[in-house]
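Take a look at the structures listed below.
Each of the next two complexes has subunit A plus one more chain, namely subunit B in the first and subunit C in the second.
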Partner chain A sequence: MTSLPLKSSYKKPHKAGIGRFFVLAALLIVLLVVLLPFAIVIINAFKTPEDYATYGPLSWPTAWSIDGIVEFWQRVDYSQKLLNSLLISASVAVIGVLLSLLNAFALGIGRIKGRIWLLILFMVANTLPQESLVYPLYYLSKEFDLYNTRFVVILIFSVIQSAFGTYLLSSVFSTFPKEMLEAAMLDGCNKLQLLFKIIVPVSRPTLAVLFTFFFIWTWNEFFLPLILLISNDRQTVPIAVGVLQGQRNMEATLSSASALLGILPCFIFFLIFQRTLTKGIAAGSVK
Partner chain B sequence: MMLKRSTNRGYWWFLLPGLILFVLVIAIPFLMNIGTSFTHWQGVGTPKWAGLDNYARLFRDSTFWASFRNNLAMLVAMTIVPTLLGLLLAAVLYDYITNKFGSRTASFFRAAFYLPQILPVAIAGIVWAWILHPNYGALNGLLETLGLENLTRNWLGNRQTALPSVMVIMVWFQLGYPLVIFMAGLQRIDPEIYEAAVLDGASWFDRFRYITVHLIRPEIFVVLLTTTIASLKVFGQIYVLTRGGPGSSTLVPSYFAYQNFFEKANIGYGSAISTVMTVIIIGLTIFFIRRQSAEEL
Partner chain C sequence: MSTSKSTFRLSFMLLLVLLTSILAACGSESATTAPSGSTTTSNEPRTIKLWHYEGANSAMGIAWAESIKQFQAANPGVTIQFEEKGFEQIRQTAGMVLNSNETPDILEYNKGNATAGLLSTQGLLTDLSDVATQRGWDKLLSSSLQTTARYDDKGVMGAGKWFGVPNYAEYVMVYYNKDMFAKANLQVPTTFAEFEAVMDAFVKQGVTPLSVGGAEYPAQQIFYELVLSKANREFVNAFQLYQGDVDFRGPEFTYGAEKMAEWVSKGYISKDATGIKAEDMGVAFTNGTFPIMISGSWWYGRFSDEIKGFEWGTFLFPGNTLHPGSSGNIWAVPTNAKNKDLVYDFIDITMSQEIQTLLGNSGGVPVNADVSKITNDKNKELIQNFDAISKADGLAFYPDWPAPGYYDILVANIQELIDGTKTPSEMLDAIAIPYQEHRATLGK
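This part shows the complex of A and B:
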């Protein structure tokens, strides 16, 4: 986000006065409090247990050791968890965007009858607590032999995310220039061509924002994956880290390593997606 | 030239996959959940019709009321405090830091405050769970280093400190969200309004109260609605940090429903809890949206 400067305000910066440094200092203190947990996690993830026992949590590591990280990685088979999370989040992002696109095409461009009611339906679905779906989903996935599969998690989240996507895209599509649609129809475009040759290329930035949100939201999900994925080799990163926390009596450095490994992928996504995210947040499309 | 009606007809087909999946994954489970809330059911065998039993029990259940009181604490920690702090920080960053130190400095602060928001809630919980750990946690370690041993305690394992600790964590986690939305909203405001106010001798606080807060009302509405709903749905942090304990001192409705579904096999009762949550959330959504459209008229 730092790479996107704010629109400059109403005055040229005038740098006189020392009062401004008090405000800056106050902000820096608040910032320090906000970032301290990250710093503590990072320095302790690289300590040996002996180092930690001797000097406590706030000292600089005497020697940077990756033993804790390696041990945690192997203990939970972290590569597998990363793979599961990537597979689930990417599939949901693709399918969720596709479903939103088809729905919004019918509602926003086609303006079919009853679209207001359908939009209200999608909006209400978007605010439903997952607690009100969880038991039937758990029960039905067992009935259909889909329990404890990545497939069912992908299916469920694609639909849940597309409820939001349909709502957002429909309002974007309803402002789509009519002339463009009519020109395409006159050129003999059928509806499928209209969607994929005209509308998709024009709305690519919005679709990118949706894709990014769906990916990150799904990556961060905890409640439903916790219930639907019970075997170790199918769990996602947050579940693996979260469940381990509760179960085993871990050493401090190992605990810290697990937190670091949980943070790291999100931090990487943040850096990769920050431009899309900033645009999306500015567009007000944040849940 | 208008599109002919006949050409509009074919659009229904595009809705079909989305609608079928919507019915399977959301509509049917949602109705099933309402259905089971009127039954006694262990999750196996046939549910027994119970009428309003579960709801009657709910209103007598002190644990349920405790979970709702804790929910109000979550509302303070996730909605009220972050919105107020976020407003203040956004105004300071936009209307003060940007002027005195340039927009890069303001953007840097915004990004840094947003950082906790990128974490999955469970991971955010874990970061704090070990910082607050009674034996090897960093907070107690810090207090010992400073010679304040008598202040060390089992932060999350103690009835007096568990809920306040969770609340602090929620503020930490939530603060970046209103800040980013408010700063985006401030960019909409015409700088000339501020210039005119400055010429008229308005102080910084006057500008904050009468211009900033007033003009970003739509953003404040969005933030209040989304964070209020989020506070009603809190689960991950509680699961990782305290499992609702000690006793029911940090229990929230979401975790209470989870316990009834998956630990106590009281499906009917769990469904009733989640149905009440749904009613409250949908009611709040309607309330906020009506208020907002009333404002816009």
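This part shows the complex of A and C:
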């Protein structure tokens, strides 16, 4: 008798109404807190400087103006910056994933000797602050005549990102079902086929997640590209946003416009790849 | 499943193609940059790489754009390749860029011991002493403006070789809201006592008179103004250029710190000012919340554009002959620069009276303008006030200059002075220690 009403309450969870309401309310408040800075950026991006000066940062724009956005776009040649960022981030994402895949194949599936030490090495490399790498990277890139080229930035970030990727993929691959590998080997697979015909398709969701993260992380990099890319026509979006920071003055509306333009591409990219992200996190390996 | 697999494979292939084309492009990129590093002959078209970080609408931005135009007209075979940089970008990367063959041929650089001074000791900047005398720049610039152009072998400014050429100037003054003054029936003060009386009158009406940004540079400039009201040139030279001893418990500093605390207790400065940034200070003055703001000429152009709701004006800090201020940032020529002769021609154009007058008409403080050709009355006032300071040898530089990291020390201690956690003498002791330590390391 007592078990019956319990069962029915499981089936109709909306009966536990009050608690759910509070959780929802709390989540909404957190959401508002998170979105507020973005809202302020958007409001100020569409204000005129006079409007901002008279009514301050928190007021609603008296008239919506896209002058700030247009001015910023032209002043820094934003199309070129977008192209550079896209080039660098996409290349890093592809090369980074490839490198991680090959490394992890050796470490996670091949289980080569000393792999624990290698993994520790990758993890340490991962925790190195970029500031400590600046001078070695600067002198090396000068030595190889690669200073002030997009290529050197791609090279460096491919390696940096793949350090994390190797670490993550290796642990994913070490749990790869043995039966599947053995079956494939019995069917006459060689190692290359094993990697590209069996492992890559099965771990595709994980690779997609890595690709997305590498892209977004590289896109948002500021410090190393600032040091390594000297010419304006080779610089990336975050550096372009930094151009507006004056010594004593800041142009608040223009800065907001640049911030908006700076996050927008990443936001769009995230929207597009959002589904691969959720899929990748939920994916199991054996189907 | 098979369709999504093939689209995945397709997109992967596409990315690979994109990648190889990028790599090819990058390869050609480094190939094309190589020849520009080689020697230039007279037949070859010559290019000058120019960097600065002034906004296109600022007085300097306008004047220098015109200089580029004039230079190109005079030198048809030469192109000036201008790149706008961020202040932070040049500050963080200059040392590395100037040490490579990607260096610009001329750049605007931050004056001071920790910036231009440091690079000069590393041999990265060209010694301009001979050029400065040949072209007469040494005669155009008064001795207090030359201070930031010359650095000794330890990178300390004030004397030694020329490593930069200042093209404009800046100084701290008092901005006031004419409408609020008129409404309160107040006159522009001419003495320090009158200035305090004006602020008293505002306090009685329930208005905090001073807009102050205590979280950044403005508060320390007010403190320094007060110190300077009891100081002379010898004190400034001792404090800034290490020519003589500085006593932080002496009459100048003691007066400044006590007066600042008094201004807070009398309500001239709000205790809330400790959390206000410079930008917010400016905005609060622009929208008429405060009648008075003490800050630098760098606000001038912006106020001209943005203050619409009331009339405003400026006056020099009453009673002072010494004022915080200095030359603006400097033109520097990297040691690795090419085409140095052309670069000197360009600097010459920016120093010409015509360009300097344009700079003045655009709201900047020129160093060599024809004041009779300044059309706007407000701009004229700005320049004439500067000329008055300059003639009296009254530029006293900024309080954070003498020691590295001193800016943050001053901000923190003046915040504590304003909110009352430190007494004036405690605050003075706290700012004395890092200063004396730095002088000890210099052996001066």
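Please note the rule applied: the second predicted complex is superposed on the first by the 224 of 287 C-alpha atoms of A that agree within 3 Å, B and C clash if a C-alpha of one lies under 4 Å from a C-alpha of the other, contacts with A are read in each partner's own complex, and residues count from 1 in each chain.
The working rule: a residue touches a chain if its C-beta (ideal position, glycine included) is under 8 Å from a C-beta of that chain, and two chains touch if they have at least 3 such contacts.
Because the structure is a prediction, the values reported are computed rather than measured.
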item	value
Which superposed partner A:Pro238 touches (first subunit B, second subunit C, both, neither)	first
First, second, both or neither for A:Asn84, with subunit B first and subunit C second	neither
First (subunit B), second (subunit C), both or neither touched by A:Ile154	second
Which superposed partner A:Gly56 touches (first subunit B, second subunit C, both, neither)	both
Touching partner for A:Phe222 - first (subunit B), second (subunit C), both, neither	first
Subunit B versus subunit C as contact partner of A:Ala252, first or second or both or neither	both
Of subunit C and subunit B, partner touching more subunit A residues	B
Where subunit A meets both subunit C and subunit B, residue numbers	52, 56-57, 138, 226-227, 239, 242, 245-246, 251-252
Subunit B to subunit A touching residues, read off their complex	1, 3, 7-8, 10-15, 17-19, 21-22, 24-26, 28-30, 32-33, 36, 43, 89, 92-116, 118-123, 125-131, 133, 136-138, 141-142, 144-145, 172, 175, 177, 180-181, 183-184, 187, 191-192, 194-195, 198, 219, 222, 226, 229, 232-233, 235-236, 239-240, 243, 253-254, 257-258, 261-262, 267, 270-271, 273-275, 277-278, 281-282, 285
Touching residues (chain side subunit A, partner subunit C) in the complex	49-50, 52-57, 75-76, 87, 90-91, 94-95, 138, 142, 145-151, 154, 201, 204, 226-227, 230-232, 234, 239, 242-252
Subunit A-touching residues of subunit C, taken from the complex the two chains share	5, 8, 15-16, 18-19, 22-23, 26-27, 29-30, 33-34, 53, 55-56, 83-89, 92-93, 96-97, 100, 102, 110, 217, 278-279, 283, 286-287, 296, 298-299, 302, 305-309, 329
Residue numbers on subunit A that touch subunit B, as the complex places them	1-2, 4-11, 13-15, 17, 20, 23-24, 27, 30-31, 33-35, 37-38, 40-41, 44, 52, 56-58, 99-100, 102-103, 105-107, 109-112, 118, 121-122, 124-125, 127-140, 155-156, 158-160, 162-163, 166, 178, 181-182, 185, 191, 195, 216, 219-223, 226-227, 237-239, 241-242, 245-246, 251-252, 255-256, 258-259, 262-263, 266-267, 269-270, 274, 281-282, 284, 286-287
